[in-house]
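Below, chain A partners chain B and then partners chain C, in two separate complexes.
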Partner chain A sequence: MRNILIIGFAAILLWGACKSGSDKKALPIYGNRKPVTKMVDGKQVTDTIYQTIPPFKFVNQYGDSISNKTLNGNIYVVDFFFTTCPSICPIMHRNMLKVYETFKNTGDFKIISHTIDPKHDSVPVLKKYADKLGITGNTWWFLQGKKEDIYTIAEKNYLVAVKQDSSAAGGYIHAGYFVLIDKQKRIRGSYDGTDPKQVDQLIADIKTLQAEPDQMIVQ
Partner chain B sequence: MSWKLAGSLIVFVAILFITACQSDENLEFKRYYSSGALVYQQHCQNCHGTNGEGLSALIPLLSDSTFLRKNVSSLPCYVKNGLKGQITIKGKTFEDAMPANDLSPLEIAQVLTYIGNSFGNKLSTIDEQSVQKNLVGCR
Partner chain C sequence: MKKLSVILLASLAFVACSDNKKQEKELLDKILKVHDKIMNKDDILMKNKMTLDSLLKLPAKDTAEKTNMKAVDLKLKAADEAMEVWMHKFDPDVMNNKSHDEIVKYYNEQEKSIKSVDSLMNAAIDESTKYLSSRSK
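Presenting the complex of A and B:
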């Protein structure tokens, strides 16, 4: 049942991601939302609370701690991979390289790739992978952490399905989504990282998001 | 005679010439090549890319004709059993493992013919018999 929900939600996200291309003005905000009514200057005001990415803490390819706070003030793109992945990861990161090349000199943008095989993908393994991919500096981080934390944040917060399965190629099943998070840590888009057309849309959407006026930053 | 008729006659004669020139060998090459393109899409393209461009220093490109020519008898083994250890492609060193592929000798011949004649490479047809012969010698 939960799986169906996740798949359904991913489908809605994906559909929305395709649709958002037609509206250049603003990207949709995904996730649950709830209205809150409060008193401001004696007047009743209704505000909307959006679903945001909760606190997390991982380690990047340089051995530095990366938390939700490190990403404050940044738009970021998230994906899930593992370095020995024989199936979709090479094509995902070939496409992600294009995103990296486009935005590597922008101050307010990051890419974070979580390994879903932290047992094999230690910090030095991730560093080597990043070096070979040609990644330098602090725009694209490859994150390692506790397996439960990675799997939980993938499924519950970024809504990307991942699963260990010895019958799958490389030992894991995972979806190749690139998830776009805004400066308020809300999901603004989800794209098939194996499809160059959707990745082009992601690049366009990041530009739209960068042009969006800064609102209250959720800490 | 109208121009239209003359035109179609010229086209017809040209087609006759082209088909007449196609030897059996050429036909065999075309069959291998077009089937090989499909095998490539299904088994190789994710890693090596649509244009055989590879991925940075992680996955080698497939346009090093010299490497392909020099290792032509080992290529079926690489495809079938995967590849471990260091190799040098166009002056760059690669050391990550390539996974094995469960392909028949015919499919291996097809995909090698495709790779050997794409991305700027120009090798001759690699046929099923030669693949079968070379697979025996795999280490």
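Presenting the complex of A and C:
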């Protein structure tokens, strides 16, 4: 009986050790991809071009213009919300605060929250919302822009990975996803922002990304 | 004996109060459920609207066709706006410190109005989806 217990215990220990080893593996890259062949030093090499977030321009809670260029050199997390949302947004942003608190002092990280109700959520409304959450500085931006632009970038870019995983039609923008983008503007993960466990995973994945060696910026 | 009846009364009041709270919560949950359902449909609404808007920008070949298209587009716009109006007005916090009856009344009204937004959206989405698929044939 005792032996079995010891073996069992050892197995659990071993399993735990293996698991922590596998946590270190690289994050997947989502989105569309296409192979390209090019000549390097007279040899034919096949490379993969991954989908990246295209140029955009929105305005943040301070009235500053924020574009894809402003985010160069940053890992960032994206979500979609609106300030009068009575159901899931308060839960999402309570969870996002944990992400904010963890990374607000690292120089290479941003959070961008797009309002999907730009008619109501003007710059002053967004500023008030940020103040209420206790957000200061330039780590977490609440972005406003044309509704059409927000929906287009959500559907064609940020949420493509979510769509690949789900068979349901429509309804991604209000489903509370947090999407993780790396410094090369590639999609590296999406998480249910209402689930604290998945948000913890997001925090772990951001740390993994921060430890990833910087590669050439693909544009 | 008197003491007992006081306790009994207090516990009765307590039960009634928690029943009230339960009813209010159920009503609010019902409203939020419709709201989330609508928000999920908003993706499709916006997608159809963007497709129509880009079609409307093309030079008109057939004016009757264009009028038709515009009517469908306007319905989508109206449904979208109705939803926004509801969203901006609805605030469960305005009912803080109000009586149970007032809260129930407010929630019942809100449920009715969000349901009418829902049917407006369904109709606009159905019509525009049908219109767009008939065009692509």
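By definition in this document, the second predicted complex is superposed on the first by the 181 of 219 C-alpha atoms of A that agree within 3 Å, B and C clash if a C-alpha of one lies under 4 Å from a C-alpha of the other, contacts with A are read in each partner's own complex, and residues count from 1 in each chain.
The criterion applied here is as follows: a contact is a pair of C-beta atoms (placed from the backbone, for glycine too) under 8 Å apart; a residue touches a chain by one contact, two chains touch by 3 or more.
Model, not experiment: these values are computed from the prediction.
Enquirer: Name the chain, either chain B or chain C, that contacts more residues of chain A.
Expert: C
Enquirer: Looking at A:Y172 after the superposition, I want to know if it touches chain B, chain C, both of them or none. Which is it: first, second, both, neither?
Expert: A:Y172 contacts chain C only, not chain B.
Enquirer: Taking the superposition as given, does A:P86 touch the first partner, chain B, the second, chain C, both, or neither?
Expert: Both partners.
Enquirer: So, does A:E148 touch the first partner chain B, the second partner chain C, both, or neither?
Expert: second
Enquirer: Have a look at where A:G73 lands relative to chain B and chain C in the superposition and call it first, second, both or neither.
Expert: In the superposed model, A:G73 contacts neither chain B nor chain C.
Enquirer: For A:R94, using the defined touch cut-off, is the partner it touches chain B, chain C, both, or neither? Pick first, second, both or neither.
Expert: In the superposition, A:R94 touches chain B alone.
Enquirer: Which of the two partners, first being chain B and second being chain C, lies in contact with A:D117: first, second, both, or neither?
Expert: second
Enquirer: In the superposed arrangement, which partner chain does A:G63 touch: chain B (first), chain C (second), both, or neither?
Expert: The answer is neither, since A:G63 touches no partner chain.
Enquirer: Of the partners chain B and chain C, which touch A:L133 in the superposed model: first, second, both, neither?
Expert: First partner only.
Enquirer: Shared contact residues on chain A, chain B side and chain C side combined as an intersection?
Expert: 84, 86-88, 169.
Enquirer: Which of the residues in chain A come into contact with chain C in the complex?
Expert: Those in contact with chain C are residues 82, 84-88, 116-117, 119-120, 147-148, 151-152, 155, 169-175.
Enquirer: Where on chain A is chain B touching in the complex?
Expert: The touching residues are 84, 86-88, 90-91, 93-94, 97, 129, 131-134, 169.
Enquirer: Applying the document's contact rule, which stretches of chain B touch chain A when the two form their complex?
Expert: 45-47, 49, 55-59, 96-97, 99
Enquirer: Please output the residues of chain C touching chain A within their complex, sorted ascending.
Expert: Within the complex, chain C touches chain A at residues 32, 35-36, 39-44, 46-47, 49-50, 53, 84, 87-88, 90-92.
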